[in-house]
Structures are given as structure tokens and as C-alpha cells.
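Per-chain numbering from 1; labels A, B, C, D and E assigned in written order.
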Amino acid sequence: MSLSVSITRQQGDFTLDAAFDAPEGITALLGKSGSGKTSIVNAVAGLVRPDRGRITLDGEVLFDSARGMHVPPSRRRLGYVFQDGRLFPHFNVRQNLTYGLRFAPSGATGPDLASVCDMLGLSHLTDRRPGALSGGEKQRVAIGRALLSRPRMLLMDEPLASLDSARKAEILPYLERLRDDTGLPILYVSHSVPEIARLATTVVLIDAGKVTGAGPAERILSDPSVVRQIGLREAGAVIPTRVLEHHDDGLSELVFSGGRLLLPRIDKPPETPVRVRILAHDVILSLHAPQGMSALNTLPVTVLSLREGDGPGMIAQLQCGDDRLLARITRRSATAMDLSPGKPLFAVIKSVAVARADVGAG
Amino acid sequence: MSLSVSITRQQGDFTLDAAFDAPEGITALLGKSGSGKTSIVNAVAGLVRPDRGRITLDGEVLFDSARGMHVPPSRRRLGYVFQDGRLFPHFNVRQNLTYGLRFAPSGATGPDLASVCDMLGLSHLTDRRPGALSGGEKQRVAIGRALLSRPRMLLMDEPLASLDSARKAEILPYLERLRDDTGLPILYVSHSVPEIARLATTVVLIDAGKVTGAGPAERILSDPSVVRQIGLREAGAVIPTRVLEHHDDGLSELVFSGGRLLLPRIDKPPETPVRVRILAHDVILSLHAPQGMSALNTLPVTVLSLREGDGPGMIAQLQCGDDRLLARITRRSATAMDLSPGKPLFAVIKSVAVARADVGAG
Amino acid sequence: DVTVFAAASLKTALDNIVEVSGQPGVTVSYAGSSALARQIEHGAPAQVFISANTAWMDHVEDSGLIAPGTRRDLLTNRLALIAAPGSDVALPIGPDMDLAGVLNGGRLAMALVDAVPAGIYGKAALTALGQWDSVQPQVAQADNVRAALRLVALGEAPLGIVYATDAVAEPRVRVLGLFDTALHPAIIYPAALVKGGDTPEARAFLEYLSTDAARAIFKANGFSFPEGQP
Amino acid sequence: MTDWLSPTEWQAVALSLKVSLWATLVSLPLGVLVAFALARWEFRGRQLLNGLVHLPLILPPVVTGYLLLIVFGRQGPIGAWLDQLFGVTLAFRWTGAVLAAAIMAFPLMVRAIRLAIEAVDPRLEQAAETLGASRAWVFATVTLPLILPGVIAGSVLAFAKAMGEFGATITFVSNIPGQTQTLPSAIYTFLQVPGGEASALRLVLVSVAVAMLALLASELLARRAMRRVSGT
Amino acid sequence: MTDWLSPTEWQAVALSLKVSLWATLVSLPLGVLVAFALARWEFRGRQLLNGLVHLPLILPPVVTGYLLLIVFGRQGPIGAWLDQLFGVTLAFRWTGAVLAAAIMAFPLMVRAIRLAIEAVDPRLEQAAETLGASRAWVFATVTLPLILPGVIAGSVLAFAKAMGEFGATITFVSNIPGQTQTLPSAIYTFLQVPGGEASALRLVLVSVAVAMLALLASELLARRAMRRVSGT
């Protein structure tokens, strides 16, 4: 499955002019408020018609201005979780959830009502009308409704924004399983870089209606030049690893080109490839291999580049085996440690700093 | 100003039975989806009538079932930022923003249209209708509208959920200034612990319609027993500090009972009290004072208690001067370092780990 | 100024007379006799009332609203049996006419037989002829006599009973015959001054209606005049 | 009460009910369709259709009745055609009374339904579309339930109007007791004779009672539908 | 065109316009109030009020006209009172035609506005309240703009109905040229004359033209208002 989008559209003063490819997996649209994310998703869903361009899903043309083609939304079979909910007020939760089921082709498989209710914690609400739901409950129903329509692809516009972290922690693994087990492609809009880092196979950066960067999540999110756009606090590197073994004390050992990592248990069998995100600000640089510290992971690295940020911070890009890490340090430390490209160092990472939410199978 | 709430209300199967006091500053309601946060805010705003109870603001009774009192919403002068936006579709952005101005008593002071537009990045949108705004733009207008009504208190129901971190980073300091400069009290609903840690003076924990904990933010958010409810990833300690001096390289030095901290520049004059949040997972424990490392902050601490979590992690509560820190470590490290209550250690904190978003004046 | 309340069926003739009379300021309000009578009862500013039947004039007079001594029988009329355009039936009016047979399932158009004067007279005539019972189920009652006439003119009803005056004015219908005046109560259009409207101008207009000039116009429209008057 | 009204009067009551019900039911689907077209579709002749629908409201009823007679009478173009092809006669039949009542009530029905359609949030319909519902399904499962209060309001308005319709009905189908004599015709008849007011009043009361019942029922129905729509 | 209609006919056209406009304007505030009460307030007698409002729709117009004559005539309880206290006479004046038209059109107006009020999202009104707006302000600044399309629809419906109203008007205020002879009355009068159809048709065309213009104008207005309400 692969989605290919290349469209332009004028709405008021705002010009959308976006082209990107979304290969298998989860493609995240990342961009600030008003940058055009929802507009793109609406075009893919067929709810707005671009002025010009082409949208294809797995070779099938959904829209093509040159040929005057516009497949109606109902025949695109894209499950859309809207930014603004849009539950049917006259149906109860169960009826909302199962609305799309009747239109799904008989061959289509997917989760059933019970499992969706379970996963989203909706079982006790099935007889309620949307008017009697809390904000987060509504959003969960919207997610379930899209899932249950057995779509070929999911379009999710900030689906988890109104949910607490506990609930998010339940839904995220489910989306991962969808991505991995069923191969259901997802176009995912979110403001949350951790969420995106965990889920996304591909990241598309949007700014003022234009695509300013697109590519595998690992590359985009590890690109120091992207740091500006997504915010210093969220900078980090995503590293492909492989599960080595699980230890008795609840830690899992992963291996990658740069060495080994100890992480809280990951529920994947040995040999499973796993993507790990290491935030730049979770990496401490040390001139010597540290002793007697609670941080379990120490990796030998070489400084690749140093990039000044605003204020007192710098981003150091580090070569670690074949992979790259980012570290956020102060200029004062850089001076004190006399950092410069080529300098060999140790990167100290607390095992727990690579938190569950930052681990994505991939 | 102080808000005092003690109400019960039955809605369907759900029983709200909440009592808490919100002293000056920002009081955060923290609880998972469907726990009753919006219901409480609605009662305070006067949009729903509790079955029983009493709500007073600064001694003035807003609601009292015993005396049959119910001040209508329009005379409560509470600026409500709704979870679901609720912009007036027939007004443009400017008209939406200034709607409440005409009803504000002539004496009431507050920000003007220009400054609100500026802060919220709405200046180029003032002539648009809400239907032509993106999700985040709508939310910003809703915030501005409440601010411009010159309220006695702000009620904010997940006001920043749909905003990107860059935008949040612009709005949060503004809310802080409101809190500090104008003393405008805020009742703040959010799922984001960092947001709450940064803003909240008081935290009220809600679970299934009941208050399960309430008190100063420092205490509640540093309470290891609260960690479960708010999620391990969010655990941390909030420490009151004071600005000592600003260094030329962009770092600010803060002092607190346990020693000194170097942080990226904080825009407060020396002597200003500042609250600093240190996430448990950003603290590394070391048996020796580390050398040649990029982490600038090393504090001598003593282990107070060790608390087992789920999985391989533990939470160590540390005495640091008169304050307490939390550190999240693996059991393996605890064993390797032979940790036990009373053991003196060093806590290593990267200066940058105390990120801007976690600094709150207070 | 004079305000005249007149039965709607008088419109053609009366408009003509008002014009010819040269009397300025005469306005005529045409409506059903029942509506006009009730309005006079409720204080309408009518000065002259011309009813299409005696019943409503009686009603107004009984209410004491007629200027004493001003009531007169102005006009009389005849009932006509008419046929739709294109019809070639010949049906002499009499007790042995086969009205139902000629209708052949079609309708006999009349005004409301229990309420509107033309209908009441028509029913009386048919009853007197012994035809009513057999023809009753075929009767289509219109809310006024003009509507009945229209049903026949449009060919919707093959036959109808209307005033002779109506038949005269409608070229599309063919008169099969006039009912003998003995078959039904006299069809009289009484006129009178309304109490309170008794001004010299009103009186003059009422008098004018009986002049030869006026009568010529009435006559041209198919009206006749009460016994003893030419 | 059976004594209170004469058999003919009972007939008139029954006929009025029958005619009004049929008029409402028959025009409902078309009313919804036309309201939908006027509210949502852009087409040449939209304003013309809108005007046409309103015509019976603008014209005096008698004129409408007369036009009906010309068009749908036995000699009329459509009337003759209906008669030949289907053996359906409207003139002088209760079916004709249904047509007259339906046409007179149509603008009211369409206006009410159209207003309801225009109030439907198109974003909900879009949501249904993305879930795979074709336009027709969206209409049946989302639009229609959401406009139900408007449809009910429009129908009752139409029913009430049909119960009171007089001018067009009597002009088009006359007043044949048991066949086309509706309640208003009966009332009118009484009002034409001096002293008939009391009898008219009795029928007016019946008419009012029937319509009030219909109104009450519709209020309850509409409230239910409204509660559904408000989502609680 | 001045030749095309006689002076009396012009008078009838002008009078109908005047009467319909006044009827619409005068009943509008009351219509909004009643619609609001029916849509939003719970009070004893709500159903009664609802029934009363619908009465003119249910009753044959002649009956309504007759009732008006009884109540508002010079001798009628209210008519006499109005006359004595304010020197206002309704019966047989154009003002009475306004009353008749207003009353006949009232149910249509109320229904349309009520439907619009029921479609307003109460959460928007709540939002306005929290911003300090009193109920009256909320109504004026939020509810009213949001129901504007409904108000326009209701007003045009009422105007159209008033333009076509005949039975109640002729019964209440008679058919006095230049004073109470409206377009429908004039049309009726022509229809009472054999061969008057041509003249009637001319007036019908005028009537249709006027109403169509009003409709078109209202469509444009309502579209504008609708666009406002949809927030884009």
C-alpha cells in the first residue's frame, strides 16, 4: 500500500501546495497550527477537491484534476478520525461505532465491536448518546468508528490530543499492532513528537502549506536541521535496533550498530527489529567511561558536528556505529570538554530514558 | 481570590462528588478521560446546577443548594475556554474576541485586543469567520475571547490540547504572567503533566468523580504515591528556587536548599523565586562526583526511600537540602550501586534537562 | 360619497350603472350576500345594501338596521338549465324529463343546495318536478353560482342550473330552458338603505337603480323586474 | 356525541380526516425531495421551482382551485391523460380533494423541511460518507433522522392546513356530501344561511378538537425526535 | 403598464402590498416571541398557546374572518374598546385587513421561526452567557443572528400568505375598493363575473410577480444569513 499525494489548493489567502509519498506503515504529518495538515487529510479523504493535482492509493487514482477524476469519499474506504469528532448525535455509541460496518465489503476483515470497545474502554458506554460523553470519550468513539469501518487506510487528525497519557498508552500499542500486523497504512496528524517518533515510519514536515521535509522517521527526526522546526525539546534520534535477549530483572537487551542498549522490557521476541528513540536531551556526554552510576547505557561515540542553537544550548551530532545520535548540551559544557568534530567520547544514556512510549516496533 | 467548591451531582450512572479549595494562582484539575473534570468546571461556570453543595469565589456565594442560590453564568464573570471551542459562527474573529468586552464592568482592566492577537498569533485572521480557521486557530481564538472578557477568574478546559509545542511555548509564559502579574486565578484542566507542573500552584487529582488528592503542586507532583495515577513517565519533583545570577554564556544560576542549579537563561531578575521541575527520569545517580561530563548539575543527596514500580523500574526519593528529588532508576542499577535508605550519593542533572517548559515562576 | 354593499353576482351590471349614472363617489363592495349582511350587522359603513335573496335582507331588517321604508324588491331572476359546450342534448324542462339519464354519470352543477340562493331555488324546482331524489347523488355543489356556471363552461359537468343572468353572460354554455317561476320561490334581489347611511346621495343612488337607464342595463344583463313593474 | 352531529356531518369529519391524512402522506416524499433540492442543489430553474412551490400560498385559493380544475379536470390536459391511461379521475372525487389539499399545504411543508435541512451540519454527512455511505445512505441514516423534527413540524402544518382548506377544494371538486364534502365545506354551508352560526360552531369545535389532537401528538413526536438529535 | 391595470386595480395592488408588509412587520416581533416561548419555555398553557396560534390555519378562513368580525368589529368587545380608548377602528379599514392577514399568516411565521430556534446550539448561548451577556443580550447577539434565516423564511412565508389571503379579509373588512379591496378580493370579484377570467388572470399575474420578487429577495437575504451562520 502506498499513498501518493501531489496537490495544490487555494483557500482564502492560504495556498496549499504539497507533494509527498506515504509508503507502507504510518506516515505522520508534522507542522504547526494552521500549516495545512487538516487540509491535506481532507483532500485525501475526498472532502475537499484540490484545484490541481493527483492523489493515488496503491496505484488506484483517487483524484486527478487532469483527467477530471474525483472518487467520492464513500468509495475511497478511508477511515477518517476527524479533528473535531463529528459523532452522529442521533445514534448511541454502539450505533456510531458500527455505522461503517454495513458498508464494508464482505471480504474486508478487521477488529470487531467487542475488541474495539475493549481497547478504547467504551464497553460501559455503548448505550449512551454522544451528548452524554466527556470530551475524551467522544474522541475514543470517533477512533473506534473509523477502525470499525474496515478501511483500506486510516486518516487520523490529532486523534489522541484530548486523551490522558494512561489512555494514550493503551491506544498507541494498538495502533502499532495495526501497523505491524495488519499492514493498515495510517496518515497521522499530531503535534506530539514523542507520539510521532513512536509510531511513524515516515514523517512529512509541513510549513505554511508546503512540504519542507519528508522521509523515513529515523532520518527526519534525527536531522539536526529539523530541530528548529519541531522544537528543541523534542529533538532526538531514532535508531533501528534488534532485540537480543530478555533479562530476569525486567530489562531487555537490544543491539544496534553502535553497541548494546538495556531497556525496560519490550514485548517482542528476540530478533525482532525495534526502533528506539533517544532524545537529544537525554544524552549526557562524558570524556571517560563513567563508573558507579545509575545510567546503564554507555556507548562510545565520535563527534560529527556541533550546531549552535538559540541561547546557551548546542546540538551535537554523534556517530555511533553506523547510526547517529543527537545530544543537547550547553555551550559551557562544550567548552569545558573541548568538543570538536572527530573527538571520541562516551554517550551516557539512562536505560529508563528510553521510555516505553519512545519504543516503536519497526 | 479563592475558589471553594463542594458539590455533588448525578449524571446518568456517573456521580460527581467533589470538594476542593483553589487558592490564588493556577489550580489544575488532573484526571483521566471521563473522570469529571469538565463537569466540575461547568458547575463552577454555572452552566450545570449541582444537585447539592456550595460554590464560593472569594467569599461570594455563586451556588448554594441549601439557600437555593444560583448566580447566573452571565453574572459570575468567569472566562471559560471550552473544551469544544464554541466560537460564534456568525461573528468574525475580531467580533468573537471582543464579544465579552462590552459586558465587562467599566472598572475591569485586562489585556487589549491588539496584545491578545499578538500573543496568540491571530492578527492576520481577525476578519475571518471561524469556519475558515484550522483547529488550532479556533482554539486560540477561544482563549483570546475568554481573556478579553476581563473575567475575575479563568476556567480553561484543555486549552492547549490542539496546539503545537511552539505555540504552547508562546502561550504558557503568557498564562504565567497572568498568574503572577495580575493575580488572575485560573482553574485549569489538562492531561499534560509538564504543562500542569509548570503552571499550577495547586493540583487537584480527580478520579471517577471524586477528589483523590489536592494540595500545592510541589507536594502533589513530587509525591511518589501519585506517580501511579499520573503515569511513571511524568513523575518528577517541583522545587522552589531563587534566581542567583545570569552568566554571559546564556545560563542562569539558581539556588535552593540543596545547592545550585545551572539552567538555560530564565528571564527573571535575580532574587525572583522560580519553581523548577526535575523529572525523575532525568536524574542519574552516581556514587562519586562525576568528572568530565556534559551534565552541569551535580547535587549531593541522601536516599530517603526506594519504591518499586511495575517492571524493572524503581522510584528513589532523595533528600536534597530541605527539598526532595525523585529519581527513576532500574532495579539492576539499584542493586549494582547497593542503594538503601540513608546512603549518600550524587544526583546528576543535565542543565538542559530542566527545560524551559518545566520552569515556572512561583 | 356612497358605499354600496352588493351581491357579487351583480358586478357586471352594477359597475356599468355606476358609470352611466355619473354620480361621483360611489364605491361598491361586492361579496356574498351572507358576508355582507353579517358585516352590516357588525357596523359596516354600508349605505346601500343589495342582497341576492330576501333571507339575508330579512335578517338585516330584523336586526333593525334598515332605514324604514327604503326596502324594495329591485330585481328578479330566472333559473336556467344549461349544457356544456359541444353538447347537443335537447332536454325540455318538465316532470318527465330524464335528467339522470342525460347526465349519464356526469355531474349536475349547482350552487350549494342548502345554503346559496341559486342552489336553494334549484333544489326547490327539481323537487317540485319530482326529479330531486333521482338526481341528488349526481349534484356537484359549488360555493357560489358562478363556480357552478364555470363547471359547466369548462365541460367538467355536462349540465348545470344557474341564474338566467349568468347563462346570458357566458357564451360557452347553451341554455336548454328556463324553469317555470312557479316551481320555486320568487328570486328576488331586494335593495334598501342601511340605517345610519341614509344620506341624500345614498338615497339618490338607490332611486337611480330604478330609473329606466339603470333598468336597461339590468335587462341587458338578463335580469327581470318584479310583477307590476315593466 | 353521535347524536350531536348528523350522519352527513360525521361523514364530513371522516372525509376531512381521510383527505388531510392522505394529502400529508402523499406530499411528504415529494416535499422532502423538493426541500432537499431547494436547500442543497444548484440547478437552473431553482428559483422557478421555488416560486412554483409557493404559488398556492400567494394565489387566492379559489384561483388555485380554478387552475386545478383547468389542468386536472376531466377535460384538462393532465386530468384527461390520467383518466385515459390509469382510469384515475380526480374531479369531483375525494382523490381530487386530496390533490387540492396537498397542493395548498405543499409550500408550508416544503418551507419547514427545507429549514431543517439547511440546519443540518454538513460535516456529519461528510463523516458518514468517509465511512462508506453513499449519498442515498447518508440521506437515509444521517440527514433524515436529523431533520425529523422539521419533517414532523412540516407535516403537521400541512395536515392542519389540509383540515382547514376550503376555497381550492370546493372550487376543484365541489361539495358532494359523502364524497367531497369536507368539514370546511360543511361549515361554509352553514355560514351561508341566516341563523346557521350555531351549527357552524359545532363543526368548528370538531375541527379544532381534531387539529389540536394532531398538534399535541406532533409536539410529543417532535420532542422525542429533537431529544435524539441533540444527542443526549 | 399603467394602462394595463385600471386605477382601482392599481389601488388593489398597492393596498395588498401595504397590507402584507404591515401584517408581516407587525406580527414579526410577536412571532419571534411566541416562537421562542414555544421552543424554549416550559409553562402551563404552552400547548394551549400552540393550539391558539395554529387556529387560523385549521379553521376555514371565512370562520376566522367571522370570528374577527365578532371580536374586533365595532360592536365587538375588543373592537369597541380599541375604538373608545385609542380611536382605532379595525373593521372595514385597511388596518383590519392587516389584522386579518397577520392572523392568518401568524402560524406560518411562528412555525418557521420556532424550527430555527430549536436548531440553535444551546452551547453557543452558554458560551455567550459565560462572557457576561444577559439572557436578553444573548438573544440579541447570538440567538437572533443564528435564527435569521428562519426569521427571513418565516417572514416571507407570512408575506406571501398575506398577499394571497382572501377569505378572512373579505369576511372581516369586506371588499371596498380603495379601502379594503386587496388583490385577492379584486380577483375574486372578477371571478364572480362570467367572462371575468381574463381580468382575473391579469391580476393573478401581478400578484405572482410581486410575490416572486419578494421570494427572490428573501432567498438572497437568507443565503447571506445562512452563509454567516455556517461560519465561513
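The working rule: a contact is a pair of C-beta atoms (placed from the backbone, for glycine too) under 8 Å apart; a residue touches a chain by one contact, two chains touch by 3 or more.
Computed from a predicted model, the values in this text were never measured in an experiment.
J.: Using direct touches as single steps, what is the fewest number of steps from chain A over to chain E?
T.: Each step joins two touching chains, and the minimum needed here is 2.
J.: With centres defined as the mean of C-alpha atoms, identify the chain lying farthest from chain E.
T.: So the farthest one, by centre of C-alpha atoms, is A.
J.: For chain D superposed on chain E via Cα atoms, how large is the rotation, as a multiple of 5°?
T.: Superposing the C-alpha atoms of chain D on chain E needs a rotation of 180 degrees.
J.: Mind checking the centre-to-centre distance between chain B and chain C? Centres are C-alpha means, answer in whole Å.
T.: Centre separation, chain B to chain C: 91 Å.
J.: Distance from the CA centroid of chain B to that of chain E, rounded to the nearest Å?
T.: 57
J.: I'd like to verify one number: the distance from the centre of chain A to the centre of chain B, where each centre is the average of its C-alpha atoms, in whole angstrom.
T.: 26
J.: Pull out every residue in chain D that's touching 2 or more other chains.
T.: In chain D, 62, 66, 167, 188, 191 touch at least two other chains.
J.: Scan chain A for residues touching two or more other chains and write them down.
T.: Expected reply: 84, 132.
J.: Sort out which chains touch which and give me every pair.
T.: Every pair of chains meeting the touch criterion: A-B, A-D, B-E, C-D, C-E, D-E.
J.: Provide the residue numbers of chain C that touch chain E in the complex, in ascending order.
T.: For chain C paired with chain E, touching residues are 3, 5, 8-9, 11-12, 27-31, 35-36, 38-39, 42-46, 144, 146, 149, 153, 166, 169-171.
J.: Within the complex, which stretch of chain E touches chain D?
T.: 47, 50-51, 54-55, 57-63, 66, 107-108, 111-112, 114-116, 118-119, 149-150, 153, 157, 160-161, 163-164, 166-167, 184, 187-188, 191, 197, 200, 204, 207-208, 211-212, 215-216, 219, 226
J.: For chain D, which residues count as touching chain C in their complex?
T.: Going by the criterion above, the answer is residues 62, 66, 69-70, 73-75, 91-92, 167, 170-171, 174-176, 185, 188-196.
J.: For chain A, which residues are in contact with chain D within the complex?
T.: 45-47, 72-80, 82, 84, 86-90, 99-100, 103-104, 129-132, 145-146, 149, 155
J.: Hey, which residues of chain D end up touching chain A in the complex?
T.: Residues of chain D touching chain A: 123-124, 126-135, 137-138, 141-142, 145-146, 228-232.
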